[in-house]
Structure formats: structure tokens, C-alpha cells
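In what follows, structures are represented as C-alpha cells.
Shared between the two complexes below is subunit A, which pairs with subunit B and subunit C, respectively.
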Partner chain A sequence: MFIHIMTALLILTNFYMLGSSRLSPIITAVSAQAVILAAVTVISTDLSFVSPEFYLIAASLVIKSVVLPVMLKKALVRTGIRREITPVIGYSLSLLTGVLLFLVSVKGIKMLPFPEGVFNMTVSASVFTFFTGLFLIVGRVKAITQTIGYLSMENGIYLFGTLSAGGSSAIVELGILLDLFVGVFIMGIVILKIKREFDHIDTDELAVLRD
Partner chain B sequence: MMWILLILPLTGGVFSLITASDFLRRILLQLVSVFYLVAVIMIWKYFPHSPAPEDLLGIDPLSLLFLFITALLFLPVAFYTAGYLSHGDSMGKKNRAFSREAVFTALLQIFLSTMTLSIISRHPGVFWIAIEATTLASAPLISFHRSAYSLEASWKYLLICSVGIALALTGNIFLSVSASFVPSLGSLPHTFEVLFSEGDLLQPVWLKGAFIFIIIGYGTKMGLVPMHTWLPDAHSQAPSPVSALLSGALLNCAMLGILRFHNLMKAAGLFEFSSSLLTVFGVFSVILAGWFIVNQNDYKRLLAYSSIEHVGIMSIAAGSSVYNSYPLVIHAFNHSLTKGLLFLAAGNILSFYKTKNVKEVGGVLGNIPFTGVMWTGGFLAICGFPPSGIFISEFSIIKGLINGGGWLTLSLLLVSLSVIFIGMARAVTDMSFGTPASKSAEPFKGRFYSSFPLVFLFVIIVVSGFWIPAPVGSLFKAAAFVIGG
Partner chain C sequence: MTVYFSSAVFLLSLFLSPLIRGVINRVKAWFGGRKGPSLLQPYYDLFRLLKKGSVYSKTTTWIFKAAPLINLGAAVTALLFLPSFGLPSIINFEGDLVLFVYLLASGRFFMILSALDTGSSFEGMGASRETFYSALTEPALLFALAGLSAFTGSLSLSGIYSMISKSAYSAEIIPALVFIVFSLLIIFLAENSRIPVDDPQTHLELTMIHEVMILDNSGPDLAIIEYTGSLKLWIFGILLTSLFPVFPGIPQYLAIIYYLLLLFLFSSFIGVIESVMARLKMIQIPRLLVIASAFSALWFIWIVR
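Our next item is the complex of A and B:
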């Protein structure tokens, strides 16, 4: 039952991210995704409190739902950006695409031969989270929104991995988490540099280099 | 012993960050590059290269070859960088810890460390971590001059490669799912070698899916068309020594991942699937590179597109060489060093003429004869003129295609190679000969640092065309054997 509620919530956060123009709530949504992820991981695998996996989940919860969102919100304040004004793809069309992506995730998952005992709907929701992230990267122009999209993509992949492959070894997971953290950190630095140089962070105007 | 390859550049990096003396920093960079090469050769000579199947890290002959290439390239790049830093005045405050120069030198060495990690990793997950880490270490290097263009290039690199590598992570998960169907794998770490030994039991649908994600993911980093869009920007905007590393060392690291997966596909009996994908991506890369090289007026972008051409050729070689990977490994060796030479020579040209436009550069041979000779020689080598090493490898790849009967691939490859030759010849002759441009530009300072690295690479390229020393030859063979024949 609990896992059904979590799945529904995850799907809702994705639609919220697709339909909202204000950036601060989108960041909150991506951090909510991370909380849902941790909850689903804990209930879908029976862990004791002393296993290294448990600490790993706790660490990734803190990084993905607190540290990175706080960093991104600080970047919002420092760049003085509140909302995405001219997205490549409008908001109603984004929501419509979201419905389509959701259907594709549900249908696509049915075509793959899963090992025994994998709950299909949650896997579909994880693929939908991945697609949402990818959509934010191509459908929005602000560099910060694209970073949020990258985070959402990673969330989707992480959930897909834990559900279908049972996660990998602790050392590998830790490395992936570290890469994610440093990655978003460096993206934040580059965004601030872009803001200083161009006085905006619209990536569609970063188009001087081309052939 | 293997750990020294990771720790040496890492400690070098940390030390360059905290030391205040610019002089010490530059000396340290050069020392690290020399010791790194020495360490690789020591490991080669005195240590066995047959890691246990469960090892997460380990050096097999293939990794050893790629380490050797990286070490041979990093040494001249480090010396060049030392000269580059001493005459560059855009490097911020002098003699300060954590200055821009300190960060640059530190990141350069950390970048080497992350590349080393990717080369010696034997587990798909560890490899993934290392490749993402190379992106993170090198992105700030690209935007080092803080110009608007380089920031744009840096952002594109960071975002496109991160997304690409995220796709490769999905590929890793698909691989794990595919392995979860094999009960005998149980709790063993799923290293490439363990998976390889159970290859025929892996679930094929998931494995195919994994390979698609992997070739798109790591193909982004390797510069395969159509995922290459970041590459010309990053390679043309980065400082020349960084471009040399990106093109000569980093592309190989990404290719290594694809090759290891390709090997796994062979073990699973799916090599036709992976070979055809590799060939298709390779052919597209070569054709598109030809198209853009002909219309190119920026000589650093020209070199970048030439890199796309060569990863395309290597991808075709990997796809067509089910039984013989020897040409592929020689090509990787020769391309890396030749492209390194060309980027460093381009750096000299850029510092003399202060422009990247082919049309505004003339008479390189007359104005800066030494660089001119290296530039023209490097160009002949990269286009596969005998007696260069690339001539031998391209010839063997073409021979392999004829024997395998890949006529369509062969004809497309040959047409593209001729187009690329014409395009590059036009640009290079305009630059090397042509009318000498205005003499107002100041001559290049620091002769040793701007000439020794070029000579170092040039000698290796020319010699390897005539004569490959026996140990190196057997390393090539052993490396080719790892990826099948």
C-alpha cells in the first residue's frame, strides 16, 4: 500500500515539474523526489540499521534532498532568477508531453522481461522521472532548470536501478553519489560564471560556437 | 604499485594547489609527468599484468597500453604547460596558493588521475565513476580563459557529457539486470572479466539494451556522431595543452569502456549486433567529419573534427575486427600522439598569430620555421601518409574491411578519407606556405618549452612508422588479444 502511495506521489512531482514556471518550487519538487526515493528503497529492500547500505541511503537522502537543493536555491538568489519565462516548449504542451511520456514508460516497461518480483508501476514511475528530467534539459533554456533536470534524471536512474537490479555494491554507489554531488557543484560554479560574463543564464543564447 | 599511478598525480595536484610558488608548481608538474611515465614502464617491466577476475582495479595489457599512451602524451603536455603558464599573463595573481594558475595545474593532474582510474578499472560501475570524474575535472580546464566562448564550450561539455554519461549509467543497470538472470554470478562483484566468463548465460534482451545505452553514453564522451556536438567547441576553446589531452587521452578512455562492453557482447554471442552498431556510428562520424573539415576556417576546430574522424575510424575498426584488433590498437596509439603534436603546434601558431582563423595565418614555415615543420609533418602523419604509423593502421583496417567484405563501409570510408585529406591539405598549405602575415606579432618566448614537447612527439610518430621496438610490439599484440585476436 505504502509503495503505491509513494509511486503516485512520484508521478505527481514529475507533472508538477513539467507544469510549473517558477524555479524555487521545482527545486523543492526534486528534493521531494529524493525523499520518495529513499522511502521506496528502504521498504523494497529489508535493511538492518547497521548495514553499510543503510548509511548510504541516509547519505544520499541528505545530499539529494537537502544539500544540492539548498545549493541550487542559493544559485537562484545569486543570479536573481525566479522563473522560466520563455521555455522552448510551452507549459500546457509540456504537460501534454508529460502524459505521453508517462504512457510510453508504462507501455515500454511491459515489453521488457523483468526478473521475478519487480513492481511494474514503480519501475514505470522511475522511467517517467528519467524522461521528465531529460525533457527539462531539452525543453527549458535556463541553465539552472537544466541542472534540475539532470538531478531528476539521476533520481529516475537510481530508482530504476534499485528496483530492477537491487542496486550495486556500496563502494560503487558511493562513487556515483560523489560524482553527482561534485557535478552539480561545478555546474553551479559555471552558471555563476556565465551570469557574470553574459548577465543572463539562457542557454539558447549561448550559441556563438557553431558550424 | 598500481596505486602509485593514481596517487602520484593526485598528491601532485593537491600540492600545486597549496604551494605559493609558481616556479615550484611548474617544476612539480613536469616531475609528476616524468615519474608517471617511469612508473608505467616499471609496472610494464617488473609486474605481472594478469589481475584476478574479481579485482575492481587491475592492469591488463590493454590498460597498460592505454596507460603508456597517456603517459607518453602527458609528459610533453606537462612541459608545454610549464612554458604556457610562464608566458601567459592572463593567469591572475602570481605566486599565490589557490591562484588560477594553481587551480589549473592541480586540475590538470587530477584529470590525469581520473583518466588513470578509468583505464585501470575492471568493473562497469567503477569505470562509470571514473569517466564522470574525468568530465568534472576537465570542464573547468576548458573555461580557463573565462572568455564568453570558452564558458559556452564548458557549459555544453559539462551538460552534454553528464547527460550522456547518465545514459551510460542506465546501460550499467541494464547489464546488472541481465546478470541477475545468471544464478552462478551470485555475490561475485560483476567485473567485466567475471561477466565475460558467464557471457553466454547473460539475458540477451537486457544485454542488447545495455549496449545501446553504453554506445550512446560513452559515445558522447568519445565524440561519435551524432553525440559529438560538444567536441568541436570544447577542443577549440580549451587551452592547447588541454585540447591535446582531451583529444589524445580522454577519447581513448571512453573508447576503452565501449571496447570492454563490445567484448562482453562477443562472449554473449551478440557481436553481430554490437559490431553493426559500432560500424554505423563510425561511418556517420567519418562522413560528418569530412563535411565539416572541408568547410572549416578555424584550425583548432579542424583538428577537433579530425578527432571525430579518427574515433569514427576506430569505431569502424572495432566493428569490423571480430578476429583482429591489432590495427585498432596501433591506430589508437598513433592518433593520440599525432593529435597531441598537432594541438601543441596549433598552440604555438595561435600564440604567434593571435588568431584561429586559417585565412589570417600565412607563411608559418617562414615566420616560425620549427613549428611550421612540426605542423606540416603532423598533418601528413594524421592524413596517413607513409611512413607514418597511421598509414600502417589505416591500411590494415582497410585490408580488414576488404577481407571481411564490408564494401559499403569501405567505399564510404575511402571517399570520406579523400575528402578529409583535401579539406585538411587546403587549410594546412594555406597556413604553412602562403604569404607571410604581418610581422607585428611578437615571437614566441621560452624556446625549450615550446619546442621540446613537439620534438618528443614527432620523433615517436616518425620512428613508429619505420620501426616498433620488440617490447612495444608485443604489448600491442597482447592488448589486441584482450579485445579479441
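Our next item is the complex of A and C:
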């Protein structure tokens, strides 16, 4: 019952990220995703408080739901951006694409063998989270939204790994997480630099090289 | 025995439906710090309008006079197909849910014709908007009903809702209810021209959708249109609240009381929504309706996964 509700919530956060133009709530949504993931991991692998994996999960929860969102929000405040104004793909079309992506993830995972007792919608939701992140990267213009898409992709991969490999994936997760941490850290600095040089952070405008 | 109960409930629906509007207005007034009109005010309005005579413009034809009656007929027929309060509907057959949706649509089609018939530019504008938005709610409603019939294995409204009232939801279905309830809520607001989509109390023709279409109707015709409006509120409210059944085995009269309370609780909730929300910009309404369609599709995919 709990895992079913968490799955529905995960799908809802994805749709929120696809349909919202304001950046600050999208960051909140991605940190909510991290909380949902931690909850699902703890429930589905029934770890004890003394196991090292538990602390790894706790650390990744803190980094993904507190540290990274705070950094992103700081970047948001300092660049003075509040919403995505001209996305490559409009919001209604994004939502409809989201439905298609969800359908693909539901039908696609049927071909994969999964351990007994895993709710198949949770696996679909993890693939869908991955797709949502990918979609945000290609479908939005602002560098911050693309960073959020990167985070959401990572969330999807993590959940997929947890469900298919059990608790041991926490170590793999730590590796990805460090990558991500460095990635977001650098992106935050780069975004500020770009903003200072060009007065905007639209990646589309950065395509032309000049002396 | 059930047929008598169903008929009694049908008459009860015809009689009680204006009360929903009264409840919504009362809640809105209470939120605004006013005392508000009596709960029976919609009935007084209907009687006042029925006592008046009708005025017809010279440009109108018979369509203008026939449309309110056709609209009322369509709504009452749709009510015949609607299983309310855990009872089967009076008429039902496999596949009646499509007929149900399009009965309501045909009523609206004639209202649009009558709005165009008056030759007023404002009414033409309202008709165009009504067509646009109702076309966008249709996929949402059909997807929601398709998901329900895939869930219960029945293609008639009575079959669907009797299955729902007989068996408890499994743990895998309960989270998906969020999707269909949210989608049906948006459909309710859009189909009945309530606040985030349309403001029933606005007096500026440029911003109106539904109300601008009935500017030229007066007297009994207007009363019929208003009454049909409250029937539609009732119908869509029942569609939504019947998703939350009482546990089976309790006496029928208690079940009816439970569903009535639920329906009026839902009406108060609509009143709260209308009090705390502002109208959306016209260009944002399609996005809201796309969200409704997306949620219906999610519900459908979750069921047939």
C-alpha cells in the first residue's frame, strides 16, 4: 500500500516538472523525488539501522533533497531567473509527451525480468523519471532546468538500480552521486559565469562561436 | 424492488439538483464574510423566471425556442442512464456510457446553435469558446470512463458503479484514484463553467463563456436553461462522488443518506475552490484541460498496465 502511494507520488512529481514553468517549485519537486526514493529504498530492502547501506542512503537523501536543491535555489536567486519563458517544447505538448513516455515505460519494462515482489508500476515510474529528466534536458532552454533534468535522470537510474539489484546498489549510487555533486557544483559556477558574461543563461544562444 | 428505488432516486435528483447551486453560493458567501442567500434561492429564482413571459428577438428562428427544451431533454435522459446512490440506473445496456457522454454533448450542440441563431457577435464568441473547451474536455471524460470500464470489466455505467459499490478497491488501485478524481474534478469545473475556467457571476461579455450564450434568453426559457445547468452539476457530481462507495451490506436508505451528504460535501468543496481561486487566463484554460486529459490517460494506463 505504502509503495503504491509512493509510486503515484513519484509520477505526480514528474508531471509537475513537465507542466510547470516556474523553476523554484520544480527544484522542490526534484528534492521531493529524492525523499520518495529514500522511502521506497528503505521499505523495499528492509534494512536495519546498523547496516552501512542505511547510512549511505541517509547521506544520499541529505545531499539530493537538501544540499543540491539549496545550491540550485541559490543559483536561481543570484541569476534572477524565476521561470522558463520560451521552452523548446510547450507545456501542453510536454504533458502529452509525458503521457506517451509513461506508456512506453509501462509497456517497455514488461520485457525485463524482475525479482519477485517488486511492484511493476514502481519500476515503470523509475524509467519514467529517467525519461522525464531526459525530456527536460532536450526540451528546455535554461541551464538550470537542464541541471534539474540531470538530477531527475539520476533519481530514475537510482530507483531502477535499487529495485533490480536490492540494497547493494547503494554503493553504486554513491559513485553516481559524487559525479552528480561535482556536476551540479560546476554547473552552478558555470551558470553564474555565463550570466555575468552574457546577461542570460539560455543555452540556445550559446551555439554560435566567435572570436 | 430496485426499480422502485431507482425511480424514487431519479425523482429525488430532479427535485434536489438546484440545491447544489444553493450550497455552492452559500459557501462562497460565507468565505467572503457575508451571510449569503438562502439555500433555497435557486428555487425562488426558477419560480420567478417561470412566472415571467418570454421575449424573442426578430432574428431568431424556431431553433432558439427549441434549444432550451432539447437541452433539458438531453440532460434528463442522461440522468436516466446515471446510476446514483449505489443503485442501478433506470435504463442501462452495454455501451451506454458513450451514449451518456454524447447526450450531454448534443444538448450543448443545440445551445451553441441557439446562441449562433441570435446573430449577436458576443453570443457567437461565447459559442466558439464553449465549443473549443468542451471539445477539449471530451477526451478526458472518455478516457476516465474507459479506465473505469477496464477496471470493472463492464461497458455500462450501471455495471461500472455497481461493481465499485460492491467490491473494495485493491491496494494497487487506490493511489490511481487520485488521478481520476483530479481529472473528474477539472471536468466538473469545465463542463459546468465554474470558476477556474469560467465565472458564472461575471457581467462582462468579453470574458464570459457559458453565460454569454444565454444573454438573449428570458423568462421560462432562462429558467429551463438554469435548471438544466443544475442537473448537469448534479450529474457530474454523482459521477465523481460515486467513486467513494459505502461498505456493502448497509441498508439502502442509509446508503442514500451517505451519498447525499457526500454530494453536498463535494458541493461545499467546489464553493471553497471558487472562493480561493481566481479565473485562469483564457489562453491557460487549454493547458488545464490537457492536464485533465493527461491524468485520465495516466489512470487508464495504470489500470491496463
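Keep this in mind: the second predicted complex is superposed on the first by the 200 of 211 C-alpha atoms of A that agree within 3 Å, B and C clash if a C-alpha of one lies under 4 Å from a C-alpha of the other, contacts with A are read in each partner's own complex, and residues count from 1 in each chain.
Following the convention adopted for this analysis, a contact is a pair of C-beta atoms (placed from the backbone, for glycine too) under 8 Å apart; a residue touches a chain by one contact, two chains touch by 3 or more.
Being a predicted model, the structure only gives us computed values, none of them experimental.
Chemist: Superpose on subunit A as described above, then tell me if subunit B and subunit C fit or clash.
Modeler: The answer is fit.
Chemist: Which of the two partners, first being subunit B and second being subunit C, lies in contact with A:F119: first, second, both, or neither?
Modeler: Only subunit C is touched by A:F119; subunit B is not.
Chemist: Let me test your reading of the model: by the given contact rule, A:G19 touches which partner, first (subunit B), second (subunit C), both or neither?
Modeler: In the superposition, A:G19 contacts subunit C only.
Chemist: Quick check on the superposed pair: does A:V35 touch subunit B, subunit C, both, or neither? Answer first, second, both or neither.
Modeler: Neither partner.
Chemist: Mind telling me which of the two, subunit B or subunit C, contacts the most residues of subunit A?
Modeler: B
Chemist: Rounding in steps of 10 degrees, give the angle subunit B-subunit A-subunit C taken between C-alpha centres.
Modeler: The vertex angle at subunit A equals 150 degrees.
Chemist: When the two structures are overlaid on chain A, which partner does A:A59 contact: first (subunit B), second (subunit C), both, or neither?
Modeler: Touch status of A:A59: no partner.
Chemist: Just subunit B (first), just subunit C (second), both, or neither: which does A:I194 touch?
Modeler: A:I194 sits against subunit B, while subunit C stays out of touch.
Chemist: Figure out whether A:V104 sits in contact with subunit B (first) or subunit C (second), or with both, or with neither.
Modeler: neither
Chemist: With the two complexes superposed on chain A, say which partner A:V67 touches: subunit B (first), subunit C (second), both, or neither.
Modeler: In the superposition, A:V67 contacts neither subunit B nor subunit C.
Chemist: Touch check for A:L96: first (subunit B), second (subunit C), both, or neither?
Modeler: second
Chemist: Just to confirm the geometry: in the superposition, how small does the C-alpha gap between subunit B and subunit C get, in angstrom?
Modeler: When the complexes share the chain A frame, the smallest subunit B-subunit C C-alpha distance is 22 Å.
Chemist: In the complex, go through subunit A and note every residue touching subunit C.
Modeler: Its residues touching subunit C are 1, 4-5, 7-9, 11-12, 15, 19, 91-92, 95-96, 98-99, 102-103, 106, 119-121, 124.
Chemist: Quick check: in the complex, which residue numbers of subunit C touch subunit A?
Modeler: 171-172, 174-176, 178-179, 286-287, 290-291, 293-294, 297-298, 301-302, 305
Chemist: What residues on subunit B touch subunit A, complex-wise?
Modeler: Touching subunit A: residues 56, 123, 125-126, 128-129, 132-133, 135-136, 139-140, 143, 146, 148-149, 151-156, 158-159, 162-163, 166, 169-170, 172-173, 176-177, 180-181, 189-190, 203, 205-206, 209, 232-233, 236-237, 292, 295-296, 301 of subunit B.
Chemist: Can you list the residues on subunit A that touch subunit B in the complex?
Modeler: Touch residues, subunit A against subunit B: 112-115, 130, 134, 137, 143, 146, 150, 153-154, 157, 160-161, 164-166, 168-169, 171-172, 175-176, 178-179, 182-183, 186-187, 189-191, 193-194, 197-198, 203, 206-209, 211.
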